[in-house]
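Down below are the structures I want you to see.
First chain A sits with chain B, and in the next complex the same chain sits with chain C.
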Partner chain A sequence: MHALYLAWKYIIFNKIRTVTLVACVTLIAVLPLSLELLLNESERQLLSRAQTTPTLLGAKGSALDLVMNSLYFDDEVPELISMQAVEEVQASGLADPIPLYIRYKARRFPIVGTTIDYMDFRELHLAEGRQLAMLGECVLGANVAETLGLKPGDSLLSSPETVFDLAGIYPLKMKVVGVLRRSHTPDDLGVFVDLKTAWVIEGLVHGHADVSKVTDDTLIMQRNQNGVVASPKLLHYNEITEANIDSFHFHGDAGLYPLSAVIVIPNDEKSKTILRGRYLDKNARHQIILPEVVIDGLLENIFRIKNVLDAVILIVGLATILALLLVFALTIRLRQREINTIFKLGCSRMTIAYLLVNEILIILTLASLVCLGLLLLVNIYSSDIVRLLFIS
Partner chain B sequence: MLMLCFIGVFAQIAQANARLTIYTVNYPLQYFAQRIAGEKAEVVFPAPKNIDPAFWSPDAKTIHAYQTADLILLNGANYAKWINKISLPRLRMVNTSRAFEKKYIQVQSGVTHSHGAGPDHSHTGIAFTTWLDMSLAIQQAEAIKNALIKKQPKFEAEFITNFKNLKNDLLMLDTELKKITKKNMNLNLFSSHPVYQYLANRYELNLQSVVWEPDVLPGPEEWKIFERKLQAHPATWMIWEAPPKNETLMWLRKVGINSLIFNPCANVPEAGDFLTVMHSNISELKRAY
Partner chain C sequence: MINIQSLDFFYPDGDFRLNIKDFNIAQGEKVAVIGPSGSGKTTLLNLLSGIIKSGCGSISVAGTDVEKLRDSQRRDFRINNIGFVFQDFELIDYLNVMDNIIHPYRISKALKLTPLVKQRAQQLAEQIGIGDKLKRYASDLSQGEKQRVAICRALLPRPKLVFADEATGNLDPRNKGRILDILFNSVDDHKATLLAVTHDHELLPRFDRVVDFLQFREQESD
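This part shows the complex of A and B:
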């Protein structure tokens, strides 16, 4: 007990040395353990999103791009497919398709063109406002609304694909009609619009003044019995209102309009197998993938990197432990006169050893407590940290 | 714990037995769906009366009702163009004419016009009164039956029985219409509005149409066009969607044209139901044949 008291007093007296030693020991323990916790959490988050998406249909190509764009709204847009893919899945009667068109952005947040089935599928609920109803409306994810300070009744402009796209599409002024409840998923970062609104942004669906009634001849290139050909000077509406919504129309075959992917929800396991079999043909233009498998592959790579990190941490840890041993050895040498005095006062060598061991134990205990506290904090905030690092 | 399990099971049973809410885009689909579903569903067609549902647009409250319905029955054939301008749950939408998409009739040209205070429109594109061909109406009813079975498989037997009864009624109409029109295959007819394409196609009517409204007197220009058409297509009868003005009737009689009413029944009838309206249409058609 006296040895512990003396060791404690010694440690308190040498504050800087104690703090340095505690910090070294804490870091050695906290780094790999925190990394483990964060990786487990990121694995859980990535997998839970993938696990709740049974299958994904898209153009043949990078499965990872397809999953990252469709599930996590990543910037890399996969090769586009058409609405025909949706019709094919629906006609099969084996699954329910939810089309996705994630290509454009509004003030750096992804515009997710889909149907309102997506809200039911992801169990997204409104925090305020109402569901999408008319063309040109949008519902915001919680983070988008918070970051941009938007609420129902406000408006949001879509952004051009590139700043050099001077002759490209007009930005669409979308009306914010609702804000989603926070879901702690990438959906918090989405600007949700009806698929048709996404096509309006692309210019495939548009509205303009009635060409049969315009009086400015420079707006008309050709007028004959078959119809009227408008000149590029004819301005398209960049906002959809009750007054002009009737003028919005589809150009070309709507069945060929683009999509980035289709979430396919098979009726059962058998339907899933049959459906997957249909897309196995080498000549098939589309692929059907299991997001869980793709994310598993991605995580395997992450864990391979983690193994390298673990090895680095292990080497650094060993070096630190050796350094600590050196510090203790040097400390004993520096304290030789003090140890001799204690010895002359009548303490046995065993008692002196006991005193030094107690000092080390106290440092280790303090380091363990700090380490525990830090790990507890990491554990509590792991989901937020992962979202901050990976999702936003 | 036991209580919670009990409540859970009870809630599931209640959900399984809950009445479906079905929204439709026209009256024939409402009628077919209600006949097939019986008490198992509440079938709503929310358009106001005295309006052509093909050119109607619902307000925000009605759109919300459509969005929350268990099933939304569409006619297909580009009917109700408002569907393209609003957000509806695609997975709950049923295009009842998908099975015969290849049989859609293309309308080559159409005059832009309006019905009373309704919006301007033309009938260019795809003809949409598919239900006037009873064989197609049966296919639409079958699509409704299949959608109902998918939604409530436990009532499959009841839905099938109800569908068979409806199919028999529609087959009787089909047979009767065929019988009547076969009496005089050379009879030329005019229709006041281009909405009878499927009827003419199925029952082989020699039909040409103008774009006249029952409540509006045709103008001098329209008369001229009509007289030119009459020379090329010497008809003795004109089919109207609703009773025309007396003046129009008199003018038509002067050029030897009689009038009959064949209500397409796109909206809820003033009296009776789809079958009674169709029987009345058949009686009217008999006058011409």
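This part shows the complex of A and C:
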């Protein structure tokens, strides 16, 4: 007990040395263990999401970009496809398509343009409010609502694609009508809107004052039998309300409107095989992929990198342990005078060794406690950390 | 209190040799040991306290033949019977004054630290004039205060013998006298015997007896 007391006194007297030693020991333990925790969590998140998505249809190109954008709402937008792709799948009668248009953001959270089927497919349930019913409405993932402090009845502005996009997409003021229950998936980070609302954000669907009824001639540049050319002065709505919803209309062929991907849910294994076969043609503009296979490939690479990291951590760990041993050896040399004094007073060499061992034990205990605390934190927030570091 | 007969000590790897045929100190005596550096004064203290063994001759301290004790017995004998006051005080820098005073009780099972011991330590510190500095670290004390702490540490286990190895060597003249007064008074209060190694000839008249170590070197050359 006295040895522990004396060791503790020495440790708190030499605070900087103690903090340095504790930090070194903690790092040696925390780094590989937290990396292991995070990788396991990322594997769980990536795989579970991929396993629940049977097939994904998108433009030919990077399968990884397609999966990361469609399943994890990654910033990298794959090459776009059109609504025709959805119609083709529907027409085949082999599968149910769920279109996705994930391109824009609202206060750094991805806007997921889709249909109501997506909610059923991902088994997303409302915590409060109601589902999407009208153009310009949005339903928020749990994290979005929590972070932005929004609830049904509030509104949320979409963000321009870039700050320099002055002539491009105008922000759309969306009405929050519902908040989803936490699902511990990337859906917690999504701002869900109807596909048409996503197109409104892009400017493909828009609403403005009725040009047939305007009294101000400066609002009209040209009027003839084919139609009316409005001047830039004409009021465009940036919020969809019951009063102006009827003025919103499509321009161009709706079948050519863009999508980032289509989740394809085949009727059965046979339908899946047939569908996949249809997109194997080299000249096909689209590809149909199995997300699980893509993610397996990604994980293989991650674990290959992890092995390298493990080796690096092992070497750094060994070097740190050697440095720690050196520190302890130097400490004994520095304390030689104290050791000689207490030996002269009547202390045994065994007790002196016991004093030093207690000091090491206290440092290891402190490091273990800090390590445990950090690992607990990593474990609690692993889901968010993984989404933030590896997936988003 | 101390009786040395036919002591012959030398270090195997040097030409130092200490030869004492007969040396006695009575109980309660205050003896100063003088002699040039390297004459073996500190070696004598180490032999008497059992830190080193001669293997030749007999050393009796407080009725115990130190030479015949085993290693652990010598340590217990030392901590129970001998109080050390060193020239550089040798206080533990990471302990406060109180912890320094009771330190011998924390490093050996031969002494038991009880609330009574702590109370005695406090009384001793008050007697010596450092009662208000018990919570301070050694590094915050003056030289004189440090030596007072060292004296308290030496006297707390109520030793029969106090060995002072140049205990005033690092003090200014004013503090030297004060510390010696404190040491003498404390030794008297505890009815202990004092054996002090010193180079300071001004202090010698205050001791009961002065032993010049040159005589042991002369004995050797005889």
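The rule is short, and it goes like this: the second predicted complex is superposed on the first by the 274 of 392 C-alpha atoms of A that agree within 3 Å, B and C clash if a C-alpha of one lies under 4 Å from a C-alpha of the other, contacts with A are read in each partner's own complex, and residues count from 1 in each chain.
Please note the rule applied: contacts are C-beta pairs under 8 Å (C-beta built on N, C-alpha and C of every residue); 3 or more make two chains touch, one makes a residue touch a chain.
Fair warning: this is a prediction, and the values are worked out from it, not measured in the lab.
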| item | value |
| --- | --- |
| First, second, both or neither for A:5, with chain B first and chain C second | second |
| Which of chain B and chain C A:337 touches, first, second, both or neither | second |
| Which superposed partner A:14 touches (first chain B, second chain C, both, neither) | second |
| Contacts of A:345 with chain B and chain C, given as first, second, both or neither | second |
| Partner chain in contact with A:96 - chain B first, chain C second, else both or neither | first |
| Touching partner for A:153 - first (chain B), second (chain C), both, neither | neither |
| Partner chain in contact with A:250 - chain B first, chain C second, else both or neither | first |
| Shared chain A contacts, counted only where both chain B and chain C touch the same residue | none |
| Complex interface listing, chain A residues touching chain C | 2, 5-6, 9-10, 13-14, 337-338, 341-348, 351, 355 |
| Complex contact set, residues of chain A against chain B | 96-99, 115-117, 120, 130-135, 137, 194, 196, 245-246, 248, 250 |
| Residue ranges of chain C touching chain A (in the complex, touch as defined) | 49, 51, 72, 75-76, 78-80, 84, 86, 90, 92-95, 99, 103-108, 110, 113, 137 |
| Touching residues on chain B, where the partner in the complex is chain A | 60, 63-64, 67, 84-92, 119 |
